[in-house]
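Take a look at the structure below.
The first chain written gets the first letter, and so on, giving A, B, C, D, E and F; residue counts start at 1 in each chain.
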Amino acid sequence: MSNFSHLNEKNQPQMVDITQKTHTLRTARARATIHLGLDVLGKFSGNDVYTAKGGVFQTAIIAGTMAAKRTHELIPFCHQLLLEDCQLKIEVADEAGAEGCVWIEALVKLNAPTGAEMEAMTAVSVAALTVYDMCKSINKRIEIKEIVLLEKTGGKSHFKR
Amino acid sequence: MSNFSHLNEKNQPQMVDITQKTHTLRTARARATIHLGLDVLGKFSGNDVYTAKGGVFQTAIIAGTMAAKRTHELIPFCHQLLLEDCQLKIEVADEAGAEGCVWIEALVKLNAPTGAEMEAMTAVSVAALTVYDMCKSINKRIEIKEIVLLEKTGGKSHFKR
Amino acid sequence: MSNFSHLNEKNQPQMVDITQKTHTLRTARARATIHLGLDVLGKFSGNDVYTAKGGVFQTAIIAGTMAAKRTHELIPFCHQLLLEDCQLKIEVADEAGAEGCVWIEALVKLNAPTGAEMEAMTAVSVAALTVYDMCKSINKRIEIKEIVLLEKTGGKSHFKR
Amino acid sequence: MSNFSHLNEKNQPQMVDITQKTHTLRTARARATIHLGLDVLGKFSGNDVYTAKGGVFQTAIIAGTMAAKRTHELIPFCHQLLLEDCQLKIEVADEAGAEGCVWIEALVKLNAPTGAEMEAMTAVSVAALTVYDMCKSINKRIEIKEIVLLEKTGGKSHFKR
Amino acid sequence: MSNFSHLNEKNQPQMVDITQKTHTLRTARARATIHLGLDVLGKFSGNDVYTAKGGVFQTAIIAGTMAAKRTHELIPFCHQLLLEDCQLKIEVADEAGAEGCVWIEALVKLNAPTGAEMEAMTAVSVAALTVYDMCKSINKRIEIKEIVLLEKTGGKSHFKR
Amino acid sequence: MSNFSHLNEKNQPQMVDITQKTHTLRTARARATIHLGLDVLGKFSGNDVYTAKGGVFQTAIIAGTMAAKRTHELIPFCHQLLLEDCQLKIEVADEAGAEGCVWIEALVKLNAPTGAEMEAMTAVSVAALTVYDMCKSINKRIEIKEIVLLEKTGGKSHFKR
């Protein structure tokens, strides 16, 4: 017997049947860490109305939010979900060992019969790709360092990293 | 003056003008590393016609290929490109320090006035998210460890990590 | 404090949290006015089975309906909504001051935790763009003159122009 | 008076109003039959981990599942639905008169105010087109022989072929 | 060795590399046959400006055209192509043995490094599904009887059924 | 004979055949005018790093750019085009008679066999809808006052308003 919820007994891929699950409030929180390097971060300062940081971060927030709503189009067996909240925050990392990095965090909430982990993961992934795209003319060695689920609530099993 | 190609002089986001660039053969290669853990990898064996590994890896290859074609819908200022080749490979990592990991590599090729780095990066990101989605019922602590551009050729500047 | 529901306290854009809102019947009605000019309208007559008017108006009705269903893909912070009704009507304007014009009206209805104003506005906008596209070979000076919300019911606040 | 639910009294196309319908469990089952020919089927054997059959059938299952979720984007007056289950099965036909054929069956389930026939029909159609695409380098005379609804339950009227 | 152009030597699915192919004019023509039955066809008459036939056929033509442009989003390994022409025609069948049927034909043309068979096949498939959707309230036993490629020109090999 | 390029001799809608047209540089410029009212505009000031104006205008620029790339998905008979430049500018109107208004202008450029008027028109329309969406919590009487093509160059006929 397979323990992969998306594989049937012949190991063929499939959607999970959620017709019998009840609607409850569910949340998921994910985080991406990108190493931009000090060259890029050095340009993220100043007090003008429009800053480079504003241009880059706001574009990434918008791209991540829009991608979260289309997760089911990207991930083959994800159910379609109607997100009721999706917040993205981006900030320059201030922890030892994370010099030159930026953190992107997404919090997704909705009442639904299944969880929204993939929506939170997709939001931070596409936001990270957008930051990469907008800064790659300055530093070609930008790396997405990590994409992880931080927490999920609602449904059968809670999870916290 | 801004060095961000996607920000104008007021730091507002914008597309890059490529009307004067010439069409040349361009390639881009990217890699994602995912830590699935030994529990998941232990189930990726056997010699049946359909294996869990087959079901998961093939789904991820397909999802990554389809996402690569839609990169411009996800990343706000990416140009629309017509991919002429997109190969994804997934394999269990066999390097010291990468125990429990899987590598996803994408190679994208096309004749175009601009490069396809973002298409290769998007392909491996969505393939990695798909692997995550299909294995998360077994291990909730799966981590996408790294997403990087390995190489790009064609256009003004070559790049190799 | 900001009064923009889609901006947080730092004026960064965000989705509105609707997890606590109740599902009620909501309707929204919007209208677009396009000035096609008498040259174009003169061709919108006749009694054949297929008329130019039929070809243009039906294409616009279909395009507007399909766009309404995809509003959340276009407008970054719109929630995904499941439309339960979407009616578009197009007619030649018969009011003094509106000579040469066509009116497009959309009525959208659904049970949901938030309103569908943007869906009605998007429906008439894309229908108007479609009429423009199909008539621009005859008159290059076609103008979309106005796009307005006419009425919304359901939810906290009703609105009627 | 028209009996076409998607045409109004002037025979203009329109969405059906489902605001007053109740949510109930609904299922729909559809089938496509494709004649691939014995040349293609002859290559669908063997016991390796990855077989041609595996590659083709799994790709088709994934394409059909993803298309089912996007039915409302393809069929102009289909309501948006949140599928709660979508199973595709593909097998070589073993019935007299169906030599050289493959059957694709889709079963769709959800709690909703309207049925999901079109989602099941779209799933098998796109899966069949995918099989066609992947086998056409071997046999240019592949034919999709039939696409039919097999059964629907829930709502006012049940149907079984 | 595999002869499936979309499977690699391990039978894993993949896109075909077309970077070395030259741009030439290519055409593809496909046909779908749908059995609507005499009840439905009996309603497809009359001489009013707007007829049921007009409403149904025009909606199907539009849906088929729009789907053709999105073929690469539906069929996993189809290349993105820029269609330069896409004509759909729908007519009541007038051949012995085809009573109660309607024919949908699509002709697709473009200058490209690869052919557009799948675009023509997708156009008639989605047009047929749209006709089905709009007539199913009258006859639940509608069948899509056949979807075939009629002809392709350009590229290495011509084909005519 | 019909002069509608998107209607055939039976007034059925169709795509225009551009297989014989040559690739040349083409540009299109469009403008939308939105009346936001002085209440909204009064909040568009200040010198902080992130302003309400920044949040709203940048979101609209991004939404308009992304929509321009998807014009062919929205407007049924638009050809797919690969935009090579797409610039959006938004500013508070400073002309007599335009008090309380904001102007959105889009300039689209590409080498292609057909023009990009609809892409420029779609860009400003969706940007205007986005501004509307983000300001409607303050003023429900916001009106999109006008959407027009300002200029097009390239191809057979130039146009300037």
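Brief remarks follow.
Keep in mind that, in the parts below, a contact is a pair of C-beta atoms (placed from the backbone, for glycine too) under 8 Å apart; a residue touches a chain by one contact, two chains touch by 3 or more.
Just so it is clear, the structure is predicted and the values come from calculations on it, not from any experiment.
The chains that touch both chain B and chain E are D, F. The chain pair with more C-beta contacts between its two chains, of A-C and A-F, is A-C. Most remote from chain D, judged by the distance between CA-atom centroids, is F. Under half of the residue numbers at the chain C-chain D interface are used by both copies of the sequence. The angle of the rotation carrying chain A onto chain D, fitted on C-alpha atoms and rounded to the nearest 5, is 120°. Listed options E-F, A-F or D-E contain a single repeat of the B-E interface, assigned here to E-F, on the basis that more than half of the contact pairs agree by residue number. Farthest chain from chain C, judged by C-alpha centroids: B. Each chain gets a centre from the mean of its Cα atoms; for chain B and chain D, those two points are 30 Å apart. Look at where the CA atoms of chain A average out and do the same for chain E: the two points lie 38 Å apart. One simple way to say how far apart two chains are is to compare their mean CA positions; for chain A and chain B this gives 16 Å. Residue numbers of chain E whose C-beta contacts span two or more other chains: 12-13, 48, 50-51, 54-55, 58-59, 62-63, 66, 70, 76-77, 82. If each chain is drawn as a node and touching chains are joined, the picture fits none of the line, ring, star or complete shapes. Pairwise, the chains that touch each other are A-B, A-C, A-D, A-F, B-D, B-E, B-F, C-D, C-E, C-F, D-E, E-F. Residue ranges of chain C in contact with chain F, taken from their complex: 2-7, 10-13, 43, 48, 50-52, 54-56, 58-59, 62-63, 66-67, 70, 74-78, 117-118, 121-122, 125-126, 128-130, 132-138, 140-141, 143-149, 157, 159, 161. Within the complex, the chain B residues that touch chain E are 25, 57-58, 61-62, 65-66, 69-70, 82-88, 109-111. By the touch rule above, chain A contacts chain D in their complex via residues 12-19, 72-73, 76-77, 79-82, 113.
Interface residues of chain A, counted against chain F in their complex, comprise 46-51, 53-55, 58-59, 62-63, 66.
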